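The two complexes that follow have chain A in common; it is paired with chain B in the first and with chain C in the second.
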Partner chain A sequence: MTSTASSNSKLPPKTSVPQSTQYHRLHSLNWTINWPSMAAPESSTATTAVNNTLRHAFGNVLSFFILLLIGVLAFSIRLFSVIKYESVIHEFDPYFNYRVTQFLSKNGIYEFWNWFDDRTWYPLGRVIGGTVYPGLTLTAGTIWWFLNSLNIPLSVETVCVFTAPIFSAFASWATYLLTKEVKGSGAGLTAAALLAMVPSYISRSVAGSYDNEAVAIFALIFTFYLYIKTLNMGSLFYATLNALSYFYMVCSWGGYTFIINLIPMHVLLCIVTGRYCPRLYIAYAPLVVLGTVLAALVPIVGFNAVMTSEHFASFLVFIVIHVVALVYYIKGILSPKMFKVAVTLVVSAGLAVCCAMMAVLIALVASSPTKGWSGRSLSLLDPTYASKYIPIIASVSEHQPPTWPSYFMDINVLAFLVPAGIIACFSPLSDASSFVVLYIVTSVYFSGVMVRLMLVLAPAACILSGIALSQAFDVLARSIKFQLPGFPTNSEVDAGDSNPITVEAKNNAPKTDKTGEPSKDRPSRKNKKKGKEQAERPSVKGKPEKKRLLVLPMGASILALLLLVLLSAFYVVHSVWAAAEAYSAPSIVLTSYSHDGLHVFDDFREAYAWLSHNTDVDHKVASWWDYGYQTTAMANRTVIVDNNTWNNTHIATVGTAMSSPEKAAWEIFNSLDVKYVLVVFGGLVGYPSDDINKFLWMVRIGGGVFPHIKEPDYLVNSFL
Partner chain B sequence: MDSFKNKPGSRGKITDLHSIVNSQRSTVISSPTPTPTPTPTLEEDGLFSFTPLTRTKPKMAISPKNLLYFLLVFLTVVSAFLLTARSESESDLVDDLLSLQSQSKSGVIHLDDRTVSKFLTSTTAPRPYSLLMFFDATQLHDKTELHLKELRHEFGLLASSFIENNNRSTKLFFCDIEFRESQSSFHLFGVNSLPHIRLVGQTARSVKDDSEPMDQSDFSRMAESMADFVEARTKLTVGPIHRPPILSKRQLTLVVAVFMIWFPFALKKIFTGETLLHDPKIWLAGAVFVYFFSVSGAMHNIIRKMPMFLVDRNDPNKLIFFYQGSGMQLGAEGFAIGFLYTVVGLLLAFVTHILVRVRDATVKRVVMIFVMLVSLWAVNKVISLDNWKTGYGVHGYLPSSWF
Partner chain C sequence: MARSSGKDAQALFQSLCTAYAATPTNLKIIDLYVGFAVLTALIQVVYMALVGSFPFNSFLSGVLSCVGTAVLAVCLRIQVNKENKEFKDLAPERAFADFVLCNLVLHLVIMNFLG
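On to the complex of A and B.
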């Protein structure tokens, strides 16, 4: 099926054929290319063609149902939290998102856009409309509105609770599409199934964890899919869709900077390694122009989309790709000699201009104090940055660097499979597979710096493991199938001599296996072919080399297959366990098992209810920032600081108050009109993450702004 | 709380003065009528005459700027008084130290038995300076596990940074002392193991008992942690450590020049497609290496500055390679697991991409069995180590009727 396609994918720059038609050809490869290639006697051609159509159609229907089941799996594995606890919003940030969604559904989008919230950051307040990523809220709000207009009266809370599981089903479908573009649909299905239950993603998308990441991971994968699709097809339609998808991602999560740096990196990589082609231009240039304009529409991003260093890489590459495109164009219209003359002329002038532009850019960047980079991005580039300079970032547990058990916990056996996937992507290296490799390399590095970015790694790990697993299954299943006792060519195969059946080509062109079920229709052809002569094959292929069946010994293959299935089974067990035990706790309701059975601690909600019942509605409640969102959402009381850590000084003030003696603390709190102070004490029930546990960070953050608070004063050692 | 410990103005001359300022500051806060409480040391120095000056304090202490100004005046007068009130020899000592300091390149004064007795043992307890002493032994420099050379270098950095940041302060001097030439001093301080850094404070009467040794943990993070130690004990500000740039200016211009010459050639090569970058194998190796590096948690080791292994506390001959508890890992441990993570995938890829092309069936069979055994072992090892380290009991959810 793949011989011509293989030679196609090996050619680095494909410029001659109009791209869209070429893609078309690839799409219908089985028909236009393979069929004639293997049709020796004309008489049988028609019947096999019909046969293959049926098979093809059957494969597509099967894929569809598999995908449906994967969607169901992705949704249902995330329901443990609802079953074990209740349908409740989890943790801290989701409460804020829930509150915003409530406001949106009650007051409409324009009110939401202009919402100034005076319940938080007292006395400063916060402009919500301009300081949130609205994607999640708008998505859930739209779902709620849509369901209500269909007369399905779901509460806002229910919609919020189930947004994340729904979007993880979407995310696994997007993974299927992306992987299918890279290595065919077999790998796509495997990757989608892996993503549906990867623990790292489950941890952020269980029912009730209503946070930006829930929709953002879908948007991330889908944007990548559309980029690869455009790259493969060269269609402006998909390029536009890509920009729109990028817009949705920008709306949803600050992690969009990963996209706007990764894609330029890939483009640059393609250019440097001599893989430039017009499709690359179509995939990239509209994304930058449209994407940047759209991104600037989101209030929280605004002019950051053109002013901060996180975005400069994309503009730089935008210039580079234009220069390169121009060079290729001129190369095409000039004779080689003329071209050389032109190059020497242009290069000298062009270099000067480039240097000047670079100098301006560098000066611009250098003029800002943090070199235009935000603290979080800087701590990715220089991992030791945050721990040295920004305690507020270093203090968050999800910003810590992970140790090896974290990888085993979060991507489990995928950690073993990824290297095989990387190698599979290199044989052969196509534009799409190089993108996936770049994705895994950058994301695995970032995840090594901050444990929360494991979430970005998870899709990449699933894609590469899917590729690795499906290739391994492919080879092993093939080895068993063609060496079954009933199989005619059996005896020769084992010897590994020149066997007529060509499988080798498969390794060269998995990228073009877009037709659906590579492993499905291949055997059929082989069945037909096995008795036929191999004489015509070289002529069609133009490859005179000897072909043979690439198989492994049967017994060992069965064993290996068994081991791989065991490995996958372990993954399933681990994922289900992680979903059920590790990641489903809402952390607003705590449970503990002791010898006399299950204990449920609902103290948080009781405390917030107490505040709501016993205090005046305008009273101010001070607490450490972790509890800010919950206090506003559940108790509806004004707080001093909350989890949106935008004002370090304000947080440091509270930290100072918390770490000062009573009188000084009283003065600070009094100056902030505080009537109540909420502190969490876990000593009695053994709840570890209470305020005593966080106390050292209060000291550190307070000391970061008010130097009279010194960490050594609070440590025992300094008194010795 | 001595809330003004770290005021910019307090970077002045004498620590004892701080206690006065601080105690007065706290009285200002707690009661409207301040009563100056000079410390005994100052009484010895005959500083009673300063009580009138301190009386003006409540007004001035309100604004930090005023306080700074006041402190400066105050300290100048105090030091002027000191010079006259105390024996001349003390200022001579400081001058000697300063001149010794300026003679050395990094600002670390080299002491021997004679100078130790001159600056420390023969002076009386409240000296106008503290000494931070680095105990060195040239014969141990080749023992790499002691890191004496590196520590000495860091110590030099600390000294030069302190001197630069504090404008030749006479409060703290950095000294080193060599074992061969000053054995009796080593004995005097009771130092019998290296590396050893010791702070002899101004009030230390007995150099052995009253001085404070630096903990192992205090020089683990090199000059920065030494600075923390100094700041915590002496209440002086060390300021940022000035590390020399990796490349000096001349080297930098050389590098730039080489780059400028090399750049056009590189550009040409890139255009013709002949660089290493065009070899996918390089990219492949790089990608796998980055993967290995990251999953082994090496970034954690770098950020947390974890050692490769620990020495068992109960049995110094035994080394601990694996740390129990999921929040932390040791260097060697991470690399071992990273290797296990990576090797399984590489073997799988080897089987599916290379081994299938081998002709000999026996070779295939043997290699496959070997690969499977290794993979099985690696996966099992990781699973068991993970269970041991984290204590999680991963289990399935089978229907109870099956049992």
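On to the complex of A and C.
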């Protein structure tokens, strides 16, 4: 991990040369931390070898502790709501997950898979086993079971509340691993530190926010890491791990379609830009087959894994990569003349077959009204789709497009470090860095469609900003170091830490050590390799390698270093403020400051407790769908509609009842056996998101199914 | 034009055959295995077209297991092929061990999905 004196100058450059055929492992190229005591005197190779080993070991230990601290930071910055309020589950969706986890812990996994819930969607019920993403509940249930088997008696609620901070620590470690594969461990540590604090991720993984994204973001980053690692190493073992990690992602979140579309896009990009290599095949083809079968194993996905348009991209690229692999194989075994003959023959015959098949496929897909895409995916691709056709998707506040200030609020300083990171990824361009660039571009587009998807942008922004910051620190610190008084400033300086740009300039470095390199790359972390290079150095030193290192004036670089540190300080201050003030509200406990101090409103829980004490177990409660999950979890009563919103007609029925005069509403509720109606009114304290605020959505959704409810009837100046 | 393309096709076929005959035996064995797996998948698809796709998960798991082992065998072939400079220092035993592990995982999942 330390950038030792000799190893950098002789390692082969990264794959800026297309179709490089070197079996190299990226982390053997030490792009990393600047060490102050760099000037390795060439007095005796033994002492420098020992020095290198020591620095190497010190670097490893230091980065281990840094990672540990980053994990602790990620965990503790998310604890504000526990400190300010209590260890309670927030919001609406987490209550459903909590109820499912309670059921799992009480009844075991077979009952969970076969659970039919008759306490929601009153006459219809809901098949929980087949309509829930089980990853989160199974993870928390496993943690709870494991801790209890060790006789640590944590309650299910505690485990649920703290699952998200623990997995955010894992996510920052996964970011370290991913960025290390792209640019080296200095960038990795920076990116991990940035991800631990980025407000957008904090907002969905604060302690108490027990939702799918808590584990899904970790699974996302880890899957991408394993994909890049397989791409760099060409090892089938990592391909298997990649498929298993993808399976965990499919279990956890509906956003897995992002992975199964991004990776084929990247493979296509590599093929189109002429960077096809056998490692690409090994990285992609097993993932598609194994991943499809594993995805079909999850009940909520089932046969959608092969029948919906979200997955077709992966199959298409699967076919493309096989064609390309075949072409390269035939090109390899034929002579060039015969290959030309083959190409002309195949092109003329194959083109006709191809067109026929494409026509059939297009006809099949076009015959389905939504072209095979699900409603949510369509609303991502066409931002105006939801507001025209599916008012329920349009009404959720987190599905609205974000405003410009929300970018600055959510990723703060990273917003303008990202372009610098993109440029840094292009010098040199490797498969891994092209993947990261593609990731950021697609996630920026999707985050512009739905504010909820800022969450997918956050890891990409952290990775690229980490790369940018790390490169900047590299250059600045090196400028200062080489201009310190009493430092040798001649061409001995290839002892120094190399900037990737300048390593490329030495592409014509002696070939002798290049061929020697790859065979020694396997035990890359082993110090005997560095020691051996030390021994080889004197023989190579004959050729003066005049490396042009980038060095800035001393004063400017000190100032720039201070400014960068100040920038990071601003980021930290903002993140802590956002975590403490903006994103730690449990939203079932409200506070307000008035002239006589702080008032705490626990109205929600009081209402549910009233219901649970004063009504019969079989009584049905009708409310707007927002409160369904909380009512079933805390009040333990049957509800008519809840946050799952899978049945639009049922919700429209309740909406119509809420928008009709008393007699008509009584008829509707009587037909649903409703005994109690729950309405939230915030006028006494000015609570802004009560049912009066949501009333127009009730009208719209009801009017979408029952035409006698017309929105203009409910507006005062309806002719305007 | 047609005649010359016919002759070209013959010459192409000949050169393909001679070039392929020069590959080592262990690679040919792997190629045979890949061909067998793809053939089995095709037979399953034809059978499904004849009989209907009722237990769709069985059909899917059958076809995907054949395609899966074919893909994994191709990966093994890539890694074991002496002409691939990228994998020069990967021991063929390690490649085979990875192949076996991946196949184990694949077939475990297939057995679960078979119904």
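Assorted remarks:
Methods note: the second predicted complex is superposed on the first by the 616 of 720 C-alpha atoms of A that agree within 3 Å, B and C clash if a C-alpha of one lies under 4 Å from a C-alpha of the other, contacts with A are read in each partner's own complex, and residues count from 1 in each chain.
The working rule: a residue touches a chain if its C-beta (ideal position, glycine included) is under 8 Å from a C-beta of that chain, and two chains touch if they have at least 3 such contacts.
Bear in mind that the values here come from a model prediction, so they are computed numbers and not experimental data.
When the two complexes are overlaid on their common chain A, residue A:Ile333 makes contact with chain C while staying clear of chain B. In the superposition on chain A, A:Val88 contacts neither chain B nor chain C. Look at A:Leu154: by the touch rule set out above, it reaches neither chain B nor chain C.
When chain A is checked against chain B and against chain C, the one touching more of its residues turns out to be B.
In the superposition on chain A, A:Pro278 makes contact with chain C only, not with chain B.
In the superposition on chain A, A:Ser235 contacts chain C only, with no contact to chain B. With both structures placed on the common chain, the touch criterion links A:Ala49 to neither chain B nor chain C.
Contacts of A:Cys354 after superposition: neither chain B nor chain C is touched. Shared interface residues of chain A (contacting chain B in one complex, chain C in the other): none. Residues 1-6, 232, 267, 270, 273, 277-278, 280, 283-284, 286-288, 290-300, 302-304, 326-329, 333-334, 337-338, 341-342, 344-346, 348-349, 351-353, 355-361, 364-365, 368-369, 372, 375-376, 378-379, 382-383, 386, 389-390, 392, 394-397 of chain B are the ones touching chain A in the complex. The touching residues of chain C, counted against chain A in their complex, run 5, 8-9, 11-12, 15-16, 19-20, 22-23, 56-57, 60-61, 64-65, 67-68, 71-72, 74-76, 78-79, 83-90, 95, 98-99, 101-102, 105-106, 109-110, 112-113. Interface of chain A with chain B (complex): residues 272-274, 347, 383-384, 387, 401-409, 413, 415-424, 426-427, 429, 434, 437, 440-441, 444-445, 447-449, 468, 471-472, 474-475, 479, 494-497, 504, 507, 550-553, 555-557, 559-560, 563, 567, 570, 573-574, 576-578, 580, 582, 660-661, 664, 707-708, 710, 712-713, 718. If you check the complex, the residues on chain A that touch chain C are 21-23, 234-237, 239-240, 243-244, 277-279, 281-282, 285-286, 289-290, 292-294, 296-297, 303, 306, 325, 330, 332-335, 338, 341-342, 344-345, 348, 518-519, 521-522.
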